[in-house]
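The next block holds one structure in the form of structure tokens; read it before the comments.
Letters A, B, C and D mark the chains in the order given here, with residues in each chain numbered from 1 onward.
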């Protein structure tokens, strides 16, 4: 997706501004219209703040109409293709476009119950989630009262639109919508970083699925050149890092058992804060290792 | 299986002795016959030593006949039920009685190649192995020369018969044919052993299968009341210990993230020496852990 | 000191019994006299329990007279030699027989303040303490009220007499008056216990003194043949284990920096419970180590 | 000491250039003179390289005269004040200005032996050393032959002059003459960096002296705002980091024993490479810790 400089948005005429940002809020170009007159915005945070203020300043009826304009999660709109491009992309990120029949039925049931109880669709910023965490939150939020859910829906929409602005607009500041998973391998038998170790990052699902979502090799500093996940929220969920240690030790002529005591070291952990940095280093010898959440 | 005291074997008449131990060596009661006159045996080790010496003292032709009397691994004999009870039990222990069609075909092909090359069946002490390690060794041993394989076959037979004697005879000594997997969990935030933690031991296969083979809970000392594997060889293979830590920390009112950073801690390791003690402790906090092969 | 079997104490006549145990309670043979008629005692615990009950059953006046019969800590009695043999030995164990002039003055001042406030000498089971912990407790107990200190004095006396009985009487049971400091060294680069490592145990004082109180070498299991402290209470205080690792690694042909990153690894810890087991293992490589209170 | 920009040195006339850098090489302004005509120098490394080349290009006689112009280590010149300002400052850095009479005698004896054997003074870049490492190297180098020591003397002089240039000249590049000691404390019970922990860095001497050479507090990231040693070589020698953990845990309301198991955690290590980064982190709970050389 092409990015537009904040300076350009500040300088262009109002129709162009609305054309550029009208779809940041789902089917609600009136939000962009409402803030056009407040330009120039010094920062992306100021633009995002103005848009959220415009939504909060609208009448409750207007807000409800707007909320109701959002598609069902993994709903018929998703299957029929009747969503904005952003929504399609976002739902795919959490795997909602490849549900099993059973999971589709679960979502269908939850959507129906939620709409029956609150009169609005269930809204969640899917880019911060995995299928598992969405289902868990869905069940939990069904137990709330209507006022809580109207507030929750808005908060989630503001997260969604912050991520869309972050992708669309090239600005001097950042919206703190990104998290990170990184690692670092030290070999204390040699006293140096472990170089050339193959690492895989897997996403684990409650149903037993395990999907490799990143692979990398450690560099001269025992780190990966890029974070295993970075530049986006880290979906709330369960992960496993796989460190291919036996190949490393064999390459450094370390005597090993046959088969080696440690071949692949799996480190399983859950992410609870999508905007946080999860640094998960490994201190490893042929017969021991330790790991922790670093900083 | 009923055990017989060594003292009884020492005191009984020769036919009874041979009746008791004639099937220790597969289809070769002559081995028991050969040593009956050397009684009494002070230890099981002395009895085992006498029997291996009798085999080594036989003519090569006699030894080859004897070796050829052994069933194919996972072969037709296994399917047709034409094996001694011990052999059946032993082949089942490594999962050779529940092969997929493809694995059965692999074994069939290897058996044929091996017999074509060496004229004897492939013999291995299956109770020291998993399906994976058998296949790996099978391929490797196919590359040997005939003399090496005759020696290897005998060594494996002596391991098989040591295990059979260990099970059948109640003696003052032990044959050192058993290994162990044990663990110990310490909670250094509290400075005490972690009590009441659920632990699972899984056997992992190269084909992706994961089978829970033991479960236990830690006692007041942070250990399990019994080893996770004990009283038998630990099959050469790949294992994973699963420590259910989040439930433990929740029970001790430790503040946790939601979801907890560590829910189940998997520790994956391989066993190379079936008769060794694999003590694999865990030092664990809500945000870190370390593990090692202890002693 | 010679030990006497509990059976002998149970069988002998009353004067002999009192002759044997009359000095367990300082200048108070009446305690032994009071329990002689309750013989036989099945266990040492029963004997100790009977004696403490006799003290509790005495009149308060009798108890106060008895408490007042105890020597000052590090007082003139200590210097003049006017104490029972046990008291001398006990005060020496905490180093109270080799105080500097200044420390002697500190004890003198505290003794005077304590007696002026409570009318009894300060009583503490010195074998459970170091000079530092005695001084700390002395200051703290000075702030108590009289009733609390009468109770405290009795509790300490019962600890003193339990230790004396434990040393004097050979019985089937033990009084749980002993603690232990032990260690265990693992070398995870090799996957084995570290054998032949020299270990020193130092006692550290608040005034900067450091005194080696035990040395040992690790055996084939990476442990010391005997606990570094055992068979007696571990004095409350600060300790340092010194592990001479560079010599070990040099002996195993491990490449080391010059000078080695780790030469002597000091592990400093405090003991708070004299009757507890302090197991303090070390997992060490040439460039890292970890330690913890084990179990 | 005031710094002069490399650009200024490149632009000034030759006498000024020599006036500025004439004393970089001890009593040898001819080195600066020899390179003045090669200006401009793009980098400090180029300037340093030109000066070392000029020394190597001189006749052996000239080089020996130059080498002999250097003061004795901790010699009479030091006491009499007859050294260049740089030399005085450098010898003080390793504590050579505060030797005991006995150490002074040791140096005197070694100086005499060295001069008697080689005819030149013992030269070493003292800023890369502690008193202990100098004495150790002194004894070792005494065993060399004359050619080795002439080479060694030059190498040490080039290290000395690199450090002098680094301090005197403000250039776009750096000469890689600096090392670093840093740390990082993580509290895995809370899953966060340990904030506000007091840390001391001590230099330990073979004679038992322990001198605090830096103190710091950890910041919000569990690190110190500045390296404990930085911006200069880290003297080869033995160090101890003292982490005041009990105060930290008490401040975070962590339940502790009395006295706490860990009060001050000492981590002792040796520095072998003065230009390297020694990152020595601590992962610590109230009952355990681990440390390692990081990167």
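In the analysis below, a contact is a pair of C-beta atoms (placed from the backbone, for glycine too) under 8 Å apart; a residue touches a chain by one contact, two chains touch by 3 or more.
Since the model is a prediction, treat every value here as computed from it, not as a measurement.
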item	value
Those chains which touch subunit C and also touch subunit A	B, D
Per Cα centroids, the chain farthest from subunit A	C
Copy pair subunit B, subunit D: interface residue numbering same or different (half cut)	same
Approximate Å spacing (C-alpha centroids) for the pair subunit B, subunit C	48
Centroid distance [mean C-alpha coordinates] between subunit D and subunit B, Å	59
Contacts with 2+ other chains: residues of subunit C	186, 188, 191, 257, 261, 283, 287-288, 290, 292-293
Complex contacts: residues of subunit C adjacent to subunit A	186, 188-191, 257, 261, 283, 285-288, 290
Touching residues on subunit B, where the partner in the complex is subunit A	133, 236, 238, 240, 257-266, 268-270, 272-273, 283, 287-293
Residue numbers on subunit C that touch subunit B, as the complex places them	184, 186, 188, 191-193, 221-222, 283, 290, 292-295
